[in-house]
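Encoded as structure tokens, here's the structure I'll be asking about.
The chains carry the letters A, B, C, D and E, assigned in the order they are written, with residues numbered from 1 in each.
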Amino acid sequence: QEITEFRIGILGGENAQDRMNNYECMVKYTTEALGVETKLFAPADYNGVIQGLLGGTIDMAWLGASSYAATYLQDPEAVEPVLVKVNLDGSIGYHSIGFARVDSGIQSLDDMEGKVFGFGDPNSTSGYLIPSIEIPQYKDGITMDSGDYFGEVKFTGGHEQTIVAVYNGDIDGGVTWADGQGNWEDGYNSGALRRAVDAGLVDMNELQQIWISNVIPEGPVVLRSALPADVKATMTQLVDELYENDPECAYGVAAGDTLGFQPVTHATYESIVAARQSVIGN
Amino acid sequence: MLKIDALTKRFGDKTAVDAANITVDQPTMIGIIGRSGAGKSTLLRMVNRLSDATEGSITFEGEEITSLRGAARRDWQSRCAMIFQQFNLVPRMDVVSNVLHGTLNKRSTLATLFNLYPQADIHKAIEILDRLGIAEQAPKRAEALSGGQQQRVAIARALMQDPKIILADEPIASLDPMNAQVVMQSLRDIHEQDGRMVIANLHTLDTARRYCDRVIGMRDGRIVFDGTPEQLTTGVARDIYGAGSDFSEAATSTEIETLDRSAAEKAYA
Amino acid sequence: MLKIDALTKRFGDKTAVDAANITVDQPTMIGIIGRSGAGKSTLLRMVNRLSDATEGSITFEGEEITSLRGAARRDWQSRCAMIFQQFNLVPRMDVVSNVLHGTLNKRSTLATLFNLYPQADIHKAIEILDRLGIAEQAPKRAEALSGGQQQRVAIARALMQDPKIILADEPIASLDPMNAQVVMQSLRDIHEQDGRMVIANLHTLDTARRYCDRVIGMRDGRIVFDGTPEQLTTGVARDIYGAGSDFSEAATSTEIETLDRSAAEKAYA
Amino acid sequence: MSAVDINMTKQYADDLFKRKRLIAFAIPTVILVYLTYIFFAFDVSGLAARANWQNAVTLASDSWSHKIHVTRDNRSGEISYAVEGERKGEYPQGERPDWVSGEEIITIDLGAGHIVRYLPENRTEVEIPGYPLIEVQAEGRTVTSNLPADLPDWISASSRRIGITTPEGRITLTGARTEVFNYFPGWELFWFTLDSPYHGVGLGQILFGEQIDPTRSNIAGAVFDWWNNKMWRHKDVAWAICETILMAFLGTMGAAMIALPLAFLAAKRFSPIMLLRGATRRLFDFVRGVDALIWTVVLARAFGPGPLTGALAILITDTGTFGKTFSEALENVDQKQIEGVSSTGAKPLQRYRFGVIPQVVPVLLSQVLYFLESNTRSATIIGAITGGGIGLMLTQAIQTQQNWEEVAYYIVLIILMVMFMDWLSGWLRAKLIGTKD
Amino acid sequence: MSDATMTGPAQSVETIQSSYLAQVQRRRLYSGLALLVFVVLMASGFHIADDRNAGGFWDGLHQIGDYPADVLSEAWEKRTELPGLIGKYYPALIETINIAAVATLIGAVGGLFLSLLGTRGLAKWPRLIPLFRRISDVMRAVPEIVIALVLIFVLGGGPVPAMIAIAIHTAGALAKMFSEVAENADLKSVEGLASTGATWSQRMLLGVLPQVAPNYLSYTLLRFEINIRASAILGFVGAGGLGYELRNAMAWGPGRFDEAAAIFILLFGTIVFFDQVSSRYRNRLTEGQGQ
């Protein structure tokens, strides 16, 4: 069994332009390792990558946990998780953060009653799946149905959009992801808030945290199951050793400081799959 | 009353009207004759201010006309009605509305938009139509009328303006002899009964002779004749039309008998 | 040569051609006259097999025509050229291409689809155009030509088929008298010089009289007259046209002098 | 006319005008009512409140200017200079902008007397004319300053972060770092990034001057560096534009080629079998009704992201549109020409070729060319969904909400691209059909 | 050449033959070349697109039905819920239609003014004709998505940015079509009105609009049809309405495919419905003209 090209999908939404550039070293290594042409694809949203993996038009991608669950639920045979990113402190998780404007007077979810609440992308783990399960557990009477506890529940389309929407006052509160380490004023050490601060998009003085989730496992790097075994092995090894061989490249691929990747299996994500199934139903 | 002084109009190189001088002291019915391209239409259009003069001036009752702009110009146009060869009505609208267009200058656009004409105006329009003998046509669309009827609607529109001067640019050129007669008679009546000045471009000598008090002849943009119909001899006419001795007056005639004769002649030619 | 036997065509209830019998022994120039709706076009269309006969038969040199199908029918059509009142050319193509359409039946489909004609055919087409006096128009688009020229292109297309019979359905009806004369003369020449049979529907008596050897009169689908031009008296003509005693031959005429006369008459009317 | 008659006519005219007035009032009233409904349904009043004009200003000024960041990392004390604060725009080691001076004390001159000084031990001084000197000290996570309690609206301050916005530039101070943004007009690094030897070199010198990079000739090197510019990525942009045009071209032409034979099946003249005709027409209606948007979604699963998917989506929808218009054109063909050709004994194919095609070609061609232009616009949007072409680049650049100069660049390119296609299709139309038909 | 034949002495048949043959050769060469260029463009274009696509054309062809099959089978399983879902998304549909309707309305008014101001013989300021023409060219060239995305940034999400974006494009597109009609309008009645001292707006209102109204209406209806599609697709990239719901429903994937199906049905039905209605009205409008 031979392959003629190798296609890597990049989750869009967060400046895929730069990601494309960041992945260029990865393309070089892959081409060397596999001896076939390597291409990058950045579909417009999470679903684009999911569909690509399901349709067999994308061979490898770094998914979010919920996106992986979506893929798994549609076709358990389609992809297999191989690696997961390790944070600087050795953990493999992050948090979903609920936040609102300081001047809105919203201190916690209690104040959000009747207000407009914003999710990100429906396939996002921290931007939709986890908060939609954990927020109703905050206290009795909270549901995520629009017009029930919250005045309205919206999808902004992505993390960046959520942050800007809250900052602009389009919505009263929203959720996004962060590692939960470091300072709130900096937008934590990494995550969507930090990127927004770095970009000069928001002033964290004007925002405050109103909710934080339990730890969410980082999404896996997945390979399409139908790939030849040797290709899978080569690629797994390549990504696994990327940090050791070229930290600069690993920084780009992992979108931030990392200790590299470690192997992972489907078992890690079973709870997420169950969660997704319970929220969306199947 | 009306004084046209060295009025000139140039289109590029071409001088369409060349230093025309006309003085009119009292309401008169004036016919302007001349062959095609002589500058008759251009002259009338300058008087109505549909086009600007290149040089010279027009003065009406002491008021300088040529320099009017914007609202003042439109006000002058409302006092100086114009009738066209092709009637220039709004064909898809009914006759009364077309007549009421004569009052547009007095109405705001908004009022026009909502058809807010005072009832008095509507009644007046119908009375004018009645005077011209076409009151029955009032509710019809203009395009449904015969040429002669349409021209009378145009005259009605002119009367609706209650103008001091009526300009008519070959008002009967697209009409058959029967209708031509009706239309010319209407203009003459208006002149006589209301005492309005009428200036009509005519392309036939006999019409000018028959209906006008004064005839002006133009050739190549210049006024080459200005006098009473009696002074308009065949020699003068030859001069105006720039024709040789083969010039036959009948060729420019539209009177009913003359026409038939000439058509028959042409058919045999 | 050509034998038409009890040929009938019905459209629903309407019998357009009613048991027509015509026998032609040698190449003749035949004119068919009759008023509008008499069935002239329908008859010719059946002969060319553009439409099917309801009953009866057509035989040409012993061959039964009415029953031909598919390729055999097309082969017959290629031997029996047709000229139409509206020329029926392809207006966006050049004149020579239009003439070359006369060879479509003989050439392979594939080559013609790409406009690939043998050089000999192209030369012949231009020679035919020259014979008809319009060789200079060869490279122009058909739509750029005058009506008379277009009809001559249609004749050229017919000649290109090298046909035994030329059918012409009111070939001069949309032409002015000058062009009508040129076109009829061309058809006559073709008949005389090439010895081809020509059958032409004509809507005027005098054309039929002047150019044809034999005239057939139709009325309401039936053949009511078949004879020489001399036999075609005014009485017979009245009968064919179903006209009363007010029938004047000039009314159907297109000859140049007659026309002028009638126009003059009309002008006096 | 008698007095009675004329009064009747007057009465009639009055009624006529009443009716006309009613209509004249009714139409605007209906529209007004509808717009009022929309005003509330779209929450336009709320919109005015929600609209963020600051964003509009940022967008407008960013789209024609760039900023240079001078950043001090308060932990390491390291100072970096970068265009737009991006890694790709960093000044090479040892270089810095000429409005920055000093070694121990870094003085940043923002112009018009606005001066920022990075002092040792994470202290910062900001000098703004007409305002007392601002002194800030960063310690660990907090910042302390001499700012009074009531602040002008261009300063925001808390114990953790201070932000100062002036017309000359922006300053943010947090415990972790101190940053100054200095704004300049123009698109910096549009030609060459800072690491290229050709940066800041005039055109004349590149063309005629002596060799700058010993390994490459000036022109080849300059073109290469420009083409591979990391900030503006001209190569990717060019490819994206080509991809977009390609989608439109393949989609439109493919659709025309498929629709033409099918249109014969749908035209009454040429397709005597009612059932077949009806089926073809319903097929056209179906693919057109489903719309490119949904086709894009359906096809993305089968073909994955990329220009082919977009092209196929356009192709399928337009097959329906073309099928409909082509078959209408075919039904309006002039029978005379067909008959003329048939009368010579032409075979069926020849009849279509000479009797039908010459008549319909101008209509079809102008349709196709018109769609080529409008599909270029569609391809921009479809690309944003399927992941291909300039549309994706634009949407993503907008999503980052900071690279407005890139957004402006893409917008200009897209407009030029569409205008070019408009011109091209008009030119082709004139060439192939003749200017006016 | 045609000049020569007109004026010069009659040419001999031979020269005509040879010059015609030369012309035919040339034409064959040109059309052959054009065909070749076209075929090469199509083939290489397809090849490039295929190459730059994630999945190949031939590999993907057999799974073209996968996604619809997934959606339809799930929708079929839950068919009893479909009517309820259609009801649930009905407001989104109304929003999409409203966006299209308002945009068409505003765009048509804008297009009307641009066309009148940019048409020779009608323009209020004849010297500014090129300016208004360029304005409408640019408005026509800007894809809706560009304006919509920028406006979403400034105004926040919702229907208004999409509405403005579509209205701007509509104004440009209609201005072009309108001015083609207006160019052929009969100016006699305009002049007649001018001679009575009517203002520009009165001349346009009474002299031009009655003439061009049927064509303008017909074009506006056609545009409405197009705008419904545009508004749906803009929803997909961030503005509100049915497109937004469709994108979310699709993102959820299995489990909510019944929702996707309901939205598909709504969208399809709406497009077909307005398409049919508007084409019937358009035919009637332009027919009335012939009489």
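Note that in this section a residue touches a chain if its C-beta (ideal position, glycine included) is under 8 Å from a C-beta of that chain, and two chains touch if they have at least 3 such contacts.
Protein identities per chain, from UniProt: B, C = Phosphonate ABC transporter ATP-binding protein; D, E = Phosphonate ABC transporter, permease protein PhnE.
The structure presented is a predicted model; accordingly, all values stated were derived computationally and were not measured.
**Q** If we define chain centres by averaging CA atoms, which chain lands farthest from chain C? Would you check?
**A** The most remote chain is A.
**Q** Which chain is in the middle, if each chain's centre is the mean of its C-alpha atoms?
**A** E
**Q** Going by C-alpha centroids, which chain is farthest from chain B? Tell me that one.
**A** A
**Q** Using the touch rule from the top, point out the two chains with the most contacting C-beta pairs.
**A** Chains joined by the most C-beta contact pairs: D-E.
**Q** Measure off the straight-line distance from the CA centroid of chain B to the CA centroid of chain D, and report it in whole Å.
**A** Whole-Å distance between the two chain centres: 57.
**Q** Between chain C and chain D, what is the separation of their C-alpha centroids in Å?
**A** Computed value for the inter-centroid distance: 63 Å.
**Q** Centroid from C-alpha atoms only, then distance chain A to chain B, rounded to Å. What do you get?
**A** Going by mean C-alpha positions, chain A sits 82 Å from chain B.
**Q** Distance from the CA centroid of chain A to that of chain E, rounded to the nearest Å?
**A** Distance between chain centres: 38 Å.
**Q** Out of chain A, which residues touch more than one other chain, so two or more?
**A** Only 7, 9, 41, 44, 51-52, 55, 57-58, 161, 164, 168, 170 qualify.
**Q** Please list all residues of chain E that touch 2 or more other chains.
**A** 52-55, 60, 63, 66-67, 153, 156, 237, 250
**Q** For chain E, which residues are in contact with chain A within the complex?
**A** 52-55, 59-60, 63, 66-67, 70, 153, 156-157, 237-238, 244, 247-248, 250-256
**Q** For the complex, give me every residue of chain B touching chain D.
**A** Interface residues on the chain B side: 94, 96-97, 113-117, 119, 122-123, 125-127, 130, 135-136, 138-139.
**Q** List the residues on chain B that touch chain E in their complex, please.
**A** 48, 50, 73-78, 81-82, 84, 86-93, 97, 101-102, 104-105, 107, 109, 112-113, 154, 157, 161
**Q** Mind listing the chain E positions that touch chain C in their complex?
**A** Going by the criterion above, the answer is residues 1-2, 5, 10-11, 13, 16-17, 19-21, 23-24, 28.
**Q** Using the touch definition from the top, list the residues of chain E that touch chain B in their complex.
**A** Within the complex, chain E contacts chain B at residues 186, 188-189, 191-199, 201-202, 205-207, 210-211.
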